[in-house]
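Every chain is named by a letter (A, B and C) in the order it is written, and numbering of its residues begins at 1.
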Amino acid sequence: MKYLRNTWYVAAWSDEISGDRPLARTLLDTPVALYRRSDNTTAAILDRCPHRFAPLSAGCVKDNQVFCAYHGLGFDGTGTCTHNPHGPIRRSMDIPSYRTHEAHRAVWIWMGEQQQADPALIPDLSYLAGAPETAFSKGNMVAQGNYEIFVDNILDLSHTDYLHPTTLGGAGITGTKPEVHETDDFVDVTWFVPNQSPSPLLKSLFAELPEKTDTFQRVRWYAPGVMRLVAGSMAAGAPEAEAMANFNAHILTPETATSSHYFYAATRNFRVEDGELNQQIAATREHIFGTEDKPMIEAIQNRMGDAEFWSLNPLLFSIDAAPVRVRRRLQRLIDAEQGDPC
Amino acid sequence: MKYLRNTWYVAAWSDEISGDRPLARTLLDTPVALYRRSDNTTAAILDRCPHRFAPLSAGCVKDNQVFCAYHGLGFDGTGTCTHNPHGPIRRSMDIPSYRTHEAHRAVWIWMGEQQQADPALIPDLSYLAGAPETAFSKGNMVAQGNYEIFVDNILDLSHTDYLHPTTLGGAGITGTKPEVHETDDFVDVTWFVPNQSPSPLLKSLFAELPEKTDTFQRVRWYAPGVMRLVAGSMAAGAPEAEAMANFNAHILTPETATSSHYFYAATRNFRVEDGELNQQIAATREHIFGTEDKPMIEAIQNRMGDAEFWSLNPLLFSIDAAPVRVRRRLQRLIDAEQGDPC
Amino acid sequence: MKYLRNTWYVAAWSDEISGDRPLARTLLDTPVALYRRSDNTTAAILDRCPHRFAPLSAGCVKDNQVFCAYHGLGFDGTGTCTHNPHGPIRRSMDIPSYRTHEAHRAVWIWMGEQQQADPALIPDLSYLAGAPETAFSKGNMVAQGNYEIFVDNILDLSHTDYLHPTTLGGAGITGTKPEVHETDDFVDVTWFVPNQSPSPLLKSLFAELPEKTDTFQRVRWYAPGVMRLVAGSMAAGAPEAEAMANFNAHILTPETATSSHYFYAATRNFRVEDGELNQQIAATREHIFGTEDKPMIEAIQNRMGDAEFWSLNPLLFSIDAAPVRVRRRLQRLIDAEQGDPC
């Protein structure tokens, strides 16, 4: 499968990567070994020794290098062979490496041309970095579905009314026309639902909410699969500045053509010192994502089989405005990178 | 794989299909959602929403329609889109549906041209419908083997002497020449074994049986995989009208090229009010089919791999008279339907 | 995949094959049924009945023949059909058989031209046959990796310093230049490590070992995957005749292109009547092979995927002298057999 390569993907949450053992993770069909140096910087190299093709992730990290568990060859984070117990070191022993950059509690990886890997291009998720521990939670999972199906899922929040009717949904997104706004850097989609009962989940968490609220949800998509989602509710008619708001991130990184790494996180602007509430939110999200979203994405992948999305003639509704623009835009980016003249 | 399409297949037993949730079943490589309307009629639609390809079987049945669990689109049993919460309904939103007809305790499906779907073409298994509950049992399973291997199994009952020696076999079918009779509508094969000890299973169930019995087994095959099997025993020399007889159905519906739905049922003409005997018969059959027939069919599929049956040069004996005619006849029917000039 | 066919492979350890039920084993992508005749000789036939392709291994052994569990056909160990309950026997009913020969506690199989199957060509592992039970142990497993990866593993013992540092390794093989010697019949590789501390495993088993020992390891490879390994230690400077030595066999038989049967055995020249030590050695080996070698071979197969070994440009070090010669020699043998002019 063709992926956008000159872009930042999330490879892992920061705390998944240690200085003891490399983390093995398949990204864009490529096995990658990720580890941390003693100066706390991160490194990513091809997870395959060039000698006999053992996974380097089976080895250990020592002195900022990874040592192969099979014959002891050592490599630093640039892929340079630094140690060969069986003879001289030659540059033909070097392996591919990938630029990484740590930001917003995540380790980002650039799997294209290294020279283009500018950290300034990482989407701004700084609200995650600054969140207190009692108002921050995160998680990740692998789902057996293409990442674009997952991106569609977040860009079209009308699904919450049907897939999550007893929790996130029920607040009447359906029937609300999403407003889509495109810039060179991102695509925004906003859903504003005035004067409605709060969602069942909000009601159960916050007895103090008014009967009727105005609700807004704003998703900002950065190619290829990083999304910020701000969801807020305030008393009907009140200004947005008064909203109880959750600041989420939904991040998709392709594992293979038919499987994805799904990273998610959230913080909020209310009861930020309530650690118990924080745990409740995290547990509810794990439950919803694991038992509702993930099975649906995987079932869709199953029904699509090997078919290309557009070849199946999907119906297009107003709710699809953002997903469709994003799919087309991403395709143009990939085509441009591939030098595809079409 | 090429299947006969203009024919009735059993999709499910009647009691598998409810009015609450659709039943998901893959038939002829096609995902189908089956459900029941409030007037008790059944419906079958493609189990894939045309919007984002969610399985409709994940949704619910309400007001005789299925509503998608992902975005709420509704479809009736003809595949007509009846509800779109996200905009106007257009006929381009309709999905394929399949004619169904309920008969003989089963729901039949027609996966070819709807105009040709004549319920009169459903094989007559009315003996099942009329059977009292104390003399009726049924079941179904999925086996990882092509449906024609399973059809062979029923059309060649000599296998019972070897695969089921301690239960169904042992009555000396081997050495008995099967009589095969073909009409435009079906193929009949009859095995008559005179003056033999009853099978071990019969002996264990019926201590009152005479030492020597005459036994007949008659299979009637209807394309592509519906078989009636009448098996009877009477005192040696007595007329068939005096036989203790079991009236069975063995029905195969392809799931994929290498897996099958196996539906089976039975009633009888003796001790029809003995519910305990009925349970004993059902439990024995489940055991035999599940631990002897199913593993054998699956092992044969494994040994055949991707090879086409005839390409493996199967040996042909007199016991294969019916299976071979049936395989060839079915092939002719499929070729004719495909417009294959050969 | 192309395998060397005119050669002896180990199909099973002798005690795996009985006279009651055939043993089913896939060898070189071919399903084989192995059994024992009443005169104790062994037989191997294609594990697929020519009638309806049932696995003959599902049947029983009687009177030196295998009888199919599906329709009762009988075959002797030459593949000759000896019994047909359903009609006359014709030679078209015969199935392929394979020459077997029992030697060195193993059953060897020849899957090429039967006329060439000379038992004199079986590699000499007679030290296994003669070993007392208290100084003999063996085992086998299936690993999901190509057999040549496994052969490399034994021919390059430097891996023990890295993959088995707390048991077999640590004796400083790394840095020792292996001596390779080729003849028409085999390839020998010897590692001699003078004046070193014994390996952690040796130390733990034998407190009486001197502080410093000389260690030798000699592997003799016979095509395609039979290896003798003699590993000995003696006081530094002492003659080899005084060594405590283990006499091992490592035998690989391809199951498929990406999976292997791994047979291993060992005897020794010291404390040969110590049955407890024998069990300790066997248990340690099972642990090392099962938790260190097998996972590594399988991980390498995973990283290689479908790629051909040389297409991945493996690095070649002095430690690879034997593996590389063996891979090339085996390739020449296979090419010659295939009549490949290159």
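As a working rule, a contact is a pair of C-beta atoms (placed from the backbone, for glycine too) under 8 Å apart; a residue touches a chain by one contact, two chains touch by 3 or more.
Source: prediction; values computed, not measured.
Enquirer: Are the interface residues of chain A and chain C largely the same numbers on each copy, more than half shared, or largely different?
Expert: different
Enquirer: For the identical-sequence pair chain A and chain B, what's the CA-based rotation angle in degrees, nearest 5?
Expert: Rotation angle, to the nearest 5: 120 degrees.
Enquirer: Round to the nearest whole Å and give the separation of the Cα centres of chain A and chain C.
Expert: Spacing between the chain centres: roughly 47 Å.
Enquirer: Which residue numbers or ranges of chain A touch two or more of the other chains?
Expert: none
Enquirer: Mind listing the chain B positions that touch chain A in their complex?
Expert: Per the touch definition, chain B meets chain A at residues 31, 47-48, 50-55, 58, 67-72, 84-87, 92-93.
Enquirer: Along chain C, where are the residues that touch chain A in the complex?
Expert: Going through chain C, the ones touching chain A are 149, 152, 156, 158-159, 161-163, 174-175, 295-296, 299-300, 302-304, 312-315, 317-319.
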